[in-house]
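One chain, chain A, appears in both complexes that follow, with chain B as partner in the first and chain C in the second.
What follows is the complex of A and B.
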């Protein structure tokens, strides 16, 4: 049950609108904490999980989490998650996964989708309900498969089939079907291109990369660090209680522990090849090495109130402090497609009375190596921060040794909706470990950019 | 999971054919089902004159379990079990009457029937005649077991250190041998000594309220152990290497326990096991060292990688974890701890191509005998179970002919099931079995090799 003591009411911050509630017993805000997480190893598209569905993968992620924390038969407050590439039959994907899991079938669930920010947005939704006292516990996560992506029929064929199904007579039906043209029989593969610009995400980011003058070498350094850091974390057993194998895969198969600057330098650019002729004279710099590959995978994070965790004898890794989402106008405006987190973070920090210096660890999703670099460059840029973010000056400089210390998406891969859960669980374990080592509270900032000019960010701290 | 041949000679036309041809017919073994009768029929209790008082005591115990107990071998019964009490027999000549009474009863022993001897262990103080008769029971029982048919087994309870037949551990051991839980235990003499037993036994859920850790729980015998301990009431922490995490999660979810992905060879494995059990479940009562690997090679071709990895996983890890458990017992973090380790008949009889494996499995037998007394100080025990040929994924990969021979080379003419090993472990881990300490119990269907 929700805590309703006056003591916990006193803990709420002044910014939360606590005017006289109409219901006298309205619960006060309280902490939402991360108990732990689980994911399956991420796999490059078309490989180990080639015939695994989103439902199978997310169910596997749930089952691993249930096993780790002994949640069999447990009625959780909610399971929230989603997939970016989703079959229409998966309209209740997460609920179906719950029903196929060892959780109590009385656990509610809903699907949520915010492109690559799906996983983190799910965690925000779950933690908000926990903080409000509406639920005691919940799982947030996501899953995506490029290998098992839906393939649709053409618009012409779809229209004809629908008309035929509505037809009342055989004649009408034949007439409807007669409209189908041979060209309509070509299936439509899912595209992740931006619908309003027709450009792929990579092409968009190539523009941003060139605008900020990010070099090929700087991007390759980020990619190399991602692989090295992730490999080190795997070797150290960091993922022993964060990952459960699936379909014979025990580690992320995109990880190249033996990669080097030389190897990365040999790769040919894949994005931004047509930019050089435009107003930007830049050489294309974005390669398969410093961009994330198409990946399959799923992740899940267990969140709860402190009381629930304590009553279930479960550990608490971190407190989910606050979150902020943002969107940028990349269609008509001049902002880059993946720059929304740049806008969200200053607002998030300000609301919590923090600066970049108060952050011990940064988890910046590596959609591309240059996403990390343009984000950091923008925060360091005095004029940009003044004109675009409405700040007095540069937000600040981030110590690169605090960024993605256990690797990120360039090495692990990026199954769109599963990335938020991967980052949140890893970051929660990191702050918990660091706090135990140093005896001091440790804070982490999470930033995830997404298609559609969207971005989600969050702050967690050791609990 | 019974093998195809055993199924064939027990069903339909092939059964008739096998009978006509006089083919060896391994029986379908009766296995434990909750709520099923303890034995398949009445129990005959016989003894020589000197042991009559003990026989009476045991008969009363059996009556207390609602068994149909008879004392006259001439009764026209389809015997579920015969209990032969020779606890006080003083001279070899004195066993004659009781032993010869058992003979005719064996002709009317029901399928999956039981013969259990109750006798005393040799002691250094025994005179030559007493030593002869006490030793004699051993040879007698092992031979009787080989004469039994139709899934019947013979085993012996061996009393040590003057323990009385009314001791709960003696009763619990007798009950285990009489029950279907010992389906694949055959021809074994298990020593039972005096030790303090806390509380009344719960025969249906002997492990209720206990927290158990099972290593190598992702599949095979480990998964069966986890399920059996959970059936008996324990909360089970399932441990396996991170790479086996998917199977581990499956087991943990089946038994409603928790999964701990952990390499048992890690330096702090024992500490982490204790921490997990205590923080998440409040206590630690049972540790089953089941994790093990084989890296078979003739010694002439053995390399360091094969030898060292088998030693690291099969025995060194157990020793390191046990040391950490003993420290925790001394600190008072755990009490009455039961350790059960997996040995192997390969370690007892030896096996070509398995010098490394046999070295470690015999090592388990040795360290178990040494660890038992250390744990006894805090009310705990350490025992081992040595499986013979068990039908698992691992043994599925043995070449066909070798596998067939291995199966048939036992008194029960078949391989055992993972659950048979699990039942023996659950028994040794139960509170009532506290008098069994430092022992290695074979679960091998009386395999023809070794003891």
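What follows is the complex of A and C.
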């Protein structure tokens, strides 16, 4: 047996040899576990990391993880990650970061991108390879900078330059360049608008918020809890082994420990200002306080097989149980843009024989405070769960005290591709801590919504 | 040729075959000249010879009993034009010609009818009220087409007269004896201040227009804020050059679309978007659910001033409201409006056939 089959798998090979003589049976799935994570503090766009590149930030997060777990010179199975706003020169961003780190240069890497779900999708990819026995260890993560975003030339200038470069004679080249108009010289910065609808993510969520009748006060409460919980976690030293300082920043600089309902109530609405209809309240509810700010940052999570962790004398925080991604039909308004995790979770729970009651901790990415609220409201809605999710009735009610107990994106910020790694590492540490305290297994559900009507969800449990 | 065209309002039209599809640039110059002549004829009806056309001088206006026809229209070399159209209107990069592209193709022939000396209404200043297009057979790049166009159904409108410009596109299918009808478009225009007697059985008002929205650029206007919009599914941010961009693709360089200055000459504060740009973009944004053949309608209300932002709702018709047999999906409705002023720009439907 030339493969890496375990002894038990090798034993069963003989029985199937008649039908597939050259292929041994797939080995039984084994566990993928979270060893630990590391990120740099997240920073509001245009501040501490204003001139930091994605490569610099991810290398910093990676190098901190390497240092924490003594991985210098180690050849890992792979490093997977990505950035949502990416320069074309960064075609091998993660591999370049590996080469710039103290990991063995023999560590493969690839880039992956799924909007805000990039980091979690990377972890799903790595853990699947570990579970299949294709790799023993891997790092998943992501990085994003709004401050150092790529600037593109206009379509007119780009076409003219391409035509000129394809031209064979000087005359053809000049003819191509003569098509450039003054207006073409204006640079284009990346937009957060959905390409198919022209609505920004905030406007999309404002529509979903209005449809579900989520109040301003409920959103501000979520925002307040996020800041208070994150501040408390920092004070308690929760992030001491999850964060490495970078460029003089030691904490997430979006965190407002002293915010209050009064302060949040003073902010002016920024999204959904013209949405009032016959069925929808006139007052817009989404403000800069209950929406995530544009942020720069990077995160990385170390995953491995139990054997690899044991052989390297490393801790095991959590088992990566299973994951489910989903997408929704939002283009013509059938479903809200950020509602895909609502669809993914019931499928994920059913496959694992679980219900919402079996989940001890919920990590619901706070793209907006109302994303959390519309997600929870949808699961409680009998009619919606029957017609849209194909369930027999409401999925269930989530105890709000189990949601984002150490804060989430509203307080920490949300550097798109870095959010999945932040949440996974924090959740893994949380279940590990909680299990140690209670002596019982602890399970966490992670839910990340993303542009394009996408969503990624996962279950982890104390190992 | 043997072709005879029978107008929807009855009566055969003489078919006049042109060698090729006319260019729109020259047509607009002629249209401007004849518009001036028609205006002069109405202002000075007593002076013989000024009006020129029989319609104006006789007081009762009538449409020319003629249909234009162009055969052998090659689409094989329209690849670049199609690509530019697809990029501007957000159509997918396919070799099938969208219904809006076929409109662009047939529009010059319909315009040629409108600039004839005996066409009784002025090309410039007419208000585009509505369009009703059916694509009944997919048309693919490389097929040879026959295009026909004529005017029919002159009828009263409360602010003047309205007329239908009908265009048809047939595919010269080598396996068929006759070219096969693939596309038919009816464009309804309003000429303000003109009058025709009520024909027995003729429809009142614009064809199928919703009461209060059927009026075009300068027609009756509902008061601002009286109407409550639905939730949008999209938002179009249209730059100032939108009219010039669609003008370049469609050949329709009517001055009201080209610049603030030229639009002001016709009473608009700024350039306005082509109605067909907005309708064709809504058609594109319905996406693959429209199917390979479909009916596409639009009614125009207030014009879209450029630059401008249009909120749109492009939504599937609730299946329970459509045909109960479920044989065909019931299609989409679309609506465009100004969210700040709460006024409608256009409304329409896209229905798979």
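Operating definition for what follows: the second predicted complex is superposed on the first by the 433 of 463 C-alpha atoms of A that agree within 3 Å, B and C clash if a C-alpha of one lies under 4 Å from a C-alpha of the other, contacts with A are read in each partner's own complex, and residues count from 1 in each chain.
Going forward, a residue touches a chain if its C-beta (ideal position, glycine included) is under 8 Å from a C-beta of that chain, and two chains touch if they have at least 3 such contacts.
What you see is a predicted model; the values in this text were computed from it and never measured.
J.: Once chain A of both complexes is superposed, is A:288 in touch with chain B (first), chain C (second), both, or neither?
T.: neither
J.: Determine, under the contact definition given at the top, whether A:50 touches first (chain B), second (chain C), both, or neither.
T.: After superposing on A, A:50 lies clear of both chain B and chain C.
J.: So, does A:218 touch the first partner chain B, the second partner chain C, both, or neither?
T.: Neither chain B nor chain C is touched by A:218.
J.: Quick one: classify A:198 as touching chain B (first), chain C (second), both or neither.
T.: second
J.: Looking only at chain A, is it chain B or chain C that touches more of its residues?
T.: Residues of chain A touched, chain B against chain C: more for B.
J.: Would you sort A:70 into first (chain B), second (chain C), both or neither based on which partner it touches?
T.: In the superposed model, A:70 contacts chain B only, not chain C.
J.: By the touch definition at the top of the document, which applies to A:245: first (chain B), second (chain C), both, or neither?
T.: In the superposition, A:245 touches chain B alone.
J.: In the superposed arrangement, does A:332 touch chain B (first), chain C (second), both or neither?
T.: So A:332 only meets chain C here.
J.: Can you list the residues of chain A that meet both chain B and chain C?
T.: On chain A, the chain B and chain C contacts do not overlap at all.
J.: Which positions of chain B touch chain A when the two form their complex?
T.: 238, 242-246, 248-250, 252-253, 256-259, 261-263, 266, 279-282
J.: Considering only the defined contacts, which chain A positions touch chain C in the complex?
T.: 183, 196-199, 203, 207, 210-211, 274-278, 280, 331-334
J.: Touching residues of chain C toward chain A in the complex: what are they?
T.: Within the complex, chain C touches chain A at residues 228-237, 241, 285-287, 311, 313-316, 332, 339-340.
J.: Taking the touch rule as given, give the residues of chain A at its contact with chain B in the complex, in rising order.
T.: The contact residues of chain A facing chain B are 60, 63-64, 66-70, 72-73, 102, 237, 239-241, 243-247, 250, 313-315.
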